[in-house]
Amino acid sequence: MKELNKSIRSFAEERGWEQYHTPKNLSMALAVEAAELMEIFQWMTPGECMNLTAQQKVHAGEELADITIYALRLFDVLGIDPESAVVDKIGKNGRKYPSGKGSGVE
Amino acid sequence: MKELNKSIRSFAEERGWEQYHTPKNLSMALAVEAAELMEIFQWMTPGECMNLTAQQKVHAGEELADITIYALRLFDVLGIDPESAVVDKIGKNGRKYPSGKGSGVE
Amino acid sequence: MKELNKSIRSFAEERGWEQYHTPKNLSMALAVEAAELMEIFQWMTPGECMNLTAQQKVHAGEELADITIYALRLFDVLGIDPESAVVDKIGKNGRKYPSGKGSGVE
Amino acid sequence: MKELNKSIRSFAEERGWEQYHTPKNLSMALAVEAAELMEIFQWMTPGECMNLTAQQKVHAGEELADITIYALRLFDVLGIDPESAVVDKIGKNGRKYPSGKGSGVE
């Protein structure tokens, strides 16, 4: 992820976007991208969303990539290591939802 | 990212959550987490969101981690490699917003 | 709606919240409330979300009310009459999706 | 609001959209519209979002109208009266944030 982080940072710097990339604005951009992803699935039945066309799958992958790019960008702006943060959060979620209960839903 | 992907998949499997993890539901979960991140910043001025307390920063890091976990989970459910998807999307974004223009905003 | 508008405006003024109620911040607050509504339904099957418990229904109604309050507040801040805006938009949507086609989805 | 409610219901019925208008799907549609509203403001400074062009204002009014339409539609699907729900929620919010404190933010 460190390599990705660096190229995302350069991308913003080369375009003079640092001034726009405040935590507040980046959190909005993330939510906007998350909504664009949701838009693909919003009127689908559970069955339909499990059987995407090739084009829908490519589209979903691109929206997911944009979400990941903004998440990595915000981790970088906040000075937080994404990999440790994710590993720590999986551990914390595991304590909140111990396995072997099965029926629990986040 | 492959290692993270695997541990996120195991996490869901151990809890019997695969049935809930359809692309539609995961896109909703992502948007809900993105909103929880936004909630931290929503009433802050630009200056305030650049000067977070240690506690706010930890909180933001945890919400960002949840977003990243759901993004990796959905990449996995769709059978898309996250790293290639991100690298490809950075390339595509670069063609859409060539550098050296400066004033353009996504 | 005019009466509601007025009491929502007084509510904000009595608490000194006008300074926070910029269009940008209110759009974020709206999105956060929309996510809280979604959270109620996110892991439900289509059947489950059509058969809410009394408590879930009350909860959904409260989140919807918060969304409506913020929407009316932002209409007011922008100086736009909500009723005309809604009537006009229904007309515009009707031209975009003519009836009698049936299969179209927004 | 009753009149609006009725014309929104007819709009959906004339297009055969009732089947898509489950509470879950409508909550997603609401969140997608809220994100489209946010997109207008996401890179603006506080000053800029207070000085919209005529075109930006019209655009914001249309997105707000779509949000209000979906909110009224979901109130209708749930069988909840929007006006009472909003009045009740203003009362509840008033008890949560008593006036005269000034510094509190929702």
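Per-chain numbering from 1; labels A, B, C and D assigned in written order.
We adopt the following convention: a residue touches a chain if its C-beta (ideal position, glycine included) is under 8 Å from a C-beta of that chain, and two chains touch if they have at least 3 such contacts.
The shown structure was predicted, so the numbers you read here are calculated from the model rather than taken from an experiment.
Where touching is counted per the definition, the chains common to subunit C and subunit D are A, B.
The interface with the greater count of contacting C-beta pairs, when A-B is set against B-D, is A-B. Distance between chain centres (mean CA atoms), subunit B to subunit D: 26 Å. Per-chain Cα centroids separate subunit A from subunit B by 1 Å.
Among the residues of subunit C, those touching two or more other chains are numbered 20, 28-29, 31, 34-35, 38, 41-43, 46, 105-106. Chain contact topology: the protein chains form a complete graph, every chain touching every other one. Of all residues in subunit A, only 1, 4, 7-8, 11, 14-17, 20, 22-24, 27-31, 34-35, 37-38, 40-42, 44, 46, 49-50, 52, 57, 60-62, 64-69, 71-72, 74-75, 78, 80, 82-83, 85-90, 92-94, 97, 99-106 touch subunit B in the complex they form.
Across the interface of their complex, subunit D is touched by residues 20, 25, 28-29, 31-32, 34-36, 38-39, 41-43 of subunit A.
On the subunit D side of its complex with subunit B, the touching residues are 28, 31, 43, 45-46, 105-106.
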